[in-house]
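Sharing a structure, written as structure tokens. Questions coming.
Chain naming follows the written order as A, B, C and D, and within any one chain the residues start at number 1.
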Amino acid sequence: MSSTETQEYSPYLQPGGFKNWFFTVDHKRIGLMYLYAILFFFIIAGVCGLIVKAELLAPGMQFVDYHGYNVFFTLHGTIMVFLFIVPGIPATLGNFLLPLMIGAKDVAFPRLNLLSFWIYVLGAFVVILSLIGPWDEAWLDTGWTFYTPYSIDSSTGVIPVTLGAFILGFSSVLTGLNFVVTIHRMRAPGMTWHRMPLFVWSLYSASLIQILATPVVGITLLLLIMERLFGIGFFSPELGGDPIMFENFFWFYSHPVVYIMILPAMGVVAEILPVFSKKAIFGYRAIAYSSIAIALVSFFVWGHHLFVSGMSYWSRWIFSLLTFAVAIPTAIKVFNWIATLYKGSVKMDSPMLYACGFIFLFSIAGLTGIPLATLATDVHFHDTYFVVAHFHYTMQGGTVVALVGGLHFWWPKMYGRMYNELIAKVGFWLLFLGFNATFMPMFILGYWGMPRRYADYMAEFADLHFASSLGAMVNGIAYIVILGNLVYAAFKGRAAGKNPYNSLSLEWSIPSPPPLTNFDEIPTVTTWTYGYGEENT
Amino acid sequence: MANHSNWAPGTFFHLHEEDPVEEYENFKLGMWIFLATEVLLFGGLFAVYFVMKWRYPDLFLAGAAQLNALLGTGNTLVLLCSSFTMALAVDAAQRGQQKKLVWNLVLTLAFGTVFLIIKFFEWKAKIGHGWFPGLNLDIFFSIYFMTTGLHLLHVLVGMSFIGLLLYRAVVHKRYHEENFGGVEIGGLYWHLVDVIWIFLFPLLYLI
Amino acid sequence: MSSVFPEYATEAARQVDHVQFFIFLVMAFWFIACNAVLVYFVFRYKRKGPDDKVSTVKGNHTLEVVWTVIPTILVLGIFYYGIKVWAGTRTMPDDKDAYVVDITGQKWSWSYRYPDGQTTDQDLYVPQGEVVKLRMNSLDVLHSFFIPEFRIKEDVVPSFYTYLWFKADRAGVYNIFCTEYCGNRHSQMLGKLHVLTPEEWAAFKAKDYFEVLTPLEHGKDLYVKKACVGCHTTDGSASIGPTFKGIIGRQETLTDGRTLTVDFDYIERSINKPDDEIVAGYPKGQMPAFEGQLTKQDIQDIYTFLETLK
Amino acid sequence: MSSDRKMGHVQDFKVYVGVLLALFVLTVVTWAASTVHFGIWNNVIAVGIAAIKASLVIYFFMHGRYEKQETWAFIYYPMLLMAFLLGGLFLDYATGSSRTNKENYQAKPTSITLIHGEDKSHGEAAPAGNHAAPSGDGHTAPAGDNAAPSGDHAAPANDHATPAEDGGNH
């Protein structure tokens, strides 16, 4: 046990009060503030998603008109991507756990960490600002991809949202920068690169992408704003611009950003599996290096978003080949996770349930990516519901399930209280059922050629849409159950010990909730964080 | 900024202390990474430049002919000198020579303002011809105003950064052998601004 | 092989179905294999007590190499098969005698021009068994021309021509979708592709395929085909554009304050150049300019249709 | 305070002056190289000399020579990404993009016309359709997928005027 504190131990949550939260530079509090902000936006975007699904319940327009449907699917996309899932795991669990896992007192630049949180809030405010104004003038209806030339001559609030996304880009770059410097320079003595937890490896590769991809979308959105304000002719065809160039620049950022979303989720799963199967992770270096490999390869593959936009023959040929290069490291990770359970002693608590659910859903997501990478089939599946199902399996089935699993796993560490295990399991199965009921029919809709972003559809697609919309309602209820359980546990849960799941990782060696300066004195790390087999002799 | 005692620990004004050499190395690595993002920001613009040059080659030749290469070369030389004096300023801070540090910072700011003045005349000439963003400009001048405008913004940010360093060096006498990190960071940023102009000058003015 | 795809109508589509079926087999195999092993491990190694004997294996290099090499080979195989089929569908066989149709996409309606100058709206008529090349261009924003039964799709880009080609083997009526988001009525930008048998095709070329419409019916048909229905209602209810109920002879005040009674000249001027005289209170720039697409006779027919709307 | 490791490295004065002179010389060389017309090679030369000047500044002025390998990673990798971005873009544009330019469609009245004053109509609203002022851009109207085995015929023959042009005749 670390030497007793000079003054008695007080968790990081005291002292409270607005001043101490508004000006805090403690990475744990900033992690919590991010958590509250992104869950708030998750609920808003989720409601928008449910409105979209409610509208698709039956052919014909029941609840909203065409413009309303376009507004809500745009809001669902924009808020989910820029405000919830890009900050997502790195900003919440990443901020909270990175210094704890590598044995540091705080991130490299604490003030910059606080600055990037308030830049995030400013960006979120500017995005929400676009909703102020007349219904058919201000509410953005261009889809979260802002494709020109529609986003140039659309009368709706493109400028506030793109400006907000530009500002959020800064917050994401600064967080990435903070994490990379922290991992490079502030690891505890003895914590070599190959003794770091795999969550830190995945945060490192996600931060690399955040740093290197975000500036390109920053300049693209800036050019879009300039084009709308000053009529500078980069993207609009009348002024000699090329709308496909916008697509190229947008997806040069937006494909790496989907790997920012999924890599930390893979890191969380790689943390949960060894703890609940009491066995060392299988192929530590394979998983660590495939995280970095995905981060590097993710910059070469954006062309598959433009397969049908009139690209040249050889351009499609090469981008299809490169897109398959991303499938290999992902496959290696999945195999290594499954091998981790071999000859372990598996305890199916709720975090483990989420981790196995992640593997199940993510294997569907990964495998349905193959027809989208193959040119022959992608020409048919492009911009149909097959793509919608594919990326929801990756984002919701992957990232959100891993985020919720991670929250369950580290909740005792964050708040020092345990959640109700039964409700958590019920919540998982409700989510699993609702999610599959929503998105499995969409694959078949994609086969039939039902295009994306359609407010109304022809009669032959009606029954699958009906089933999918019902599933979406169950999906929504599941989140209410899960988040309610966690929030209740944060206040009234029974006290959790220092290490309820007796994990060997560094963050479980300090009392929970951890004191302000994490470690009394920086620990020297001598063993590997997954040495489960050896100790118990 | 001194740690005000009445703030609770772990807040903006009451940080835990870090070993100065450690902090210096962190600061420098962080700055280099930030420079990488700036390079990619301008990289996106240069990519637009190359694509549009491919699509409208003679439009760009005509546009470049329209620009005043002499002013461009002048600007390049001015920025190179400002980079030189900035490097000397960092060198002076490392050696702890206060007077040389202050003089070099002042010289860098002077070269910066000369750059701004030349840029002002150039833009005034362009606007005189009626090519100003907002008049449905053609591609070349859109790119011209976009790149030089963004670069100008970075020059202004860099100069205010150096102004802050000057204020701290003169009033607080903060920079000496043991604590010159701030000057080095300012220098890195200013050199980046110069490097971007080095790439921008031939592409826009000469070819 | 009963595939979930809609019935294929071209040889190229049949091959695409084969590629997808092959990929589906690969997907199903790996999915079932991985998750069966996972579920087996979960139950086989269920935790019995706190100090179970646990293996300390950390990794296995040969296994790592095996499950890197096998997916790589598999994935390259899929890539090769996919590229070979796609090259067949994408490159035109020989386009000297291809039947070229010009397609123009504009906000929320398709219009087609045939080599002999004939034009149709919304519905495309092509001969069976002949190589047809579609040369596509958009007048305002990005659209995308998609025929699910042929498994072909290509974006329609303003200021550029993009092309698609197919050889329809089976006559019939197929759907046309717009799959690139193009604004308010993106979901209504539909059409039908009629693959005509040789004798129907001969009738179509001789221009008597369609029964001759009276001016009133032709006006009503244009009202639907040219997507006026999207923004102008006939029952008086408000929409993007002014309603057509009782429009003839109505007093309208324009955005620049002038007031005028709606007559044939105003209708013709606002059809050709809508943005010059917008009625106050309605958004500018929403209505595409039909100048050059509608003859004076067409506008006359539309006018006769509007007169009936009291 | 473990200050045994020295902070930063000091270079002597001559290094800085030498680098400055080299930069001046290279600027003049760039200007000279641009006056000679090498066609496409002009771009490569200009970017090459600029890259040399940039590496001089990074290596000496920014003390790049003392930086560890992790910092140099963040100098090289953005350049690699730029190469990929440009490579991906020109893979599409240069190898015969299957988007052929509409034959008589051109961009806005260009600065060429403004200079020679032929087209005084600058400033009027850009008509949505086509413009008269042609500025040759032969590059973008290659024969469709000229890399593709068949390669459909060159820019469409003139008898199919663009649909928006002549009225539909029944």
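Simple rule for what comes next: a contact is a pair of C-beta atoms (placed from the backbone, for glycine too) under 8 Å apart; a residue touches a chain by one contact, two chains touch by 3 or more.
In this text, all values refer to a predicted model and were calculated from it rather than measured experimentally.
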item: Chains contacting each of chain B and chain D, listed by label; value: A
item: Between A-B and A-D, the pair with more C-beta contacts; value: A-B
item: Chain centre separation (chain C, chain D; CA means) in Å; value: 35
item: Centre-to-centre distance between chain C and chain B (centres being mean Cα positions), rounded to whole Å; value: 49
item: Touching two or more other chains - residues of chain C; value: 90-91, 140, 157, 159-160, 162
item: Residue numbers of chain A (touch at least two other chains); value: 184, 212, 216, 233, 238-240, 244-245, 309-310, 313
item: Where chain B touches two or more other chains at once, by residue number; value: 29, 33, 36, 40, 43-44, 47, 51, 55-56, 135-139
item: Inter-chain touch pairs (all); value: A-B, A-C, A-D, B-D, C-D
item: For the chain D and chain B complex, residues of the former touching the latter; value: 1-3, 5, 7-8, 10-11, 13, 16-17, 19-20, 23-24, 27, 30-31, 33-34, 42-43, 46-47, 49-50, 53-54, 57-58, 60-63, 67, 70-71, 74-75, 77-79, 81-82, 85-86, 89-90, 93-94, 107-112, 114-115, 122-123, 125-126, 135-137, 139-140
item: Residue ranges of chain A touching chain D (in the complex, touch as defined); value: 184, 212, 216, 233, 238-240, 244-245, 248, 252, 299-300, 302-303, 306, 309-315, 318-319
item: Interface residues, chain B side, partner chain A - complex; value: 7-13, 15-16, 22, 25-26, 29-30, 33-34, 36-38, 40-45, 47-48, 51-52, 55-56, 133-139, 142, 145-146, 150
item: Touching residues (chain side chain C, partner chain A) in the complex; value: 3-6, 15-16, 19-20, 23-24, 26-27, 30-31, 34-35, 37-38, 41-42, 45-48, 51-52, 54-60, 63-64, 67-68, 71-72, 75-76, 78-79, 81-83, 85-86, 89-91, 140-142, 144, 146, 148, 151-155, 157-160, 162, 175, 177-188, 190, 283, 285
item: Residue ranges of chain A in contact with chain C within the complex; value: 66-67, 70, 136, 141-143, 145, 147, 149-150, 153-155, 237-238, 243-244, 277-286, 308-310, 313, 316-317, 320-321, 324, 327-328, 331-332, 334-336, 338-339, 341-348, 356, 359-360, 363-364, 367-368, 370-371, 373-377, 379-380, 382-384, 444, 447-449, 451-458, 530, 532-534, 536
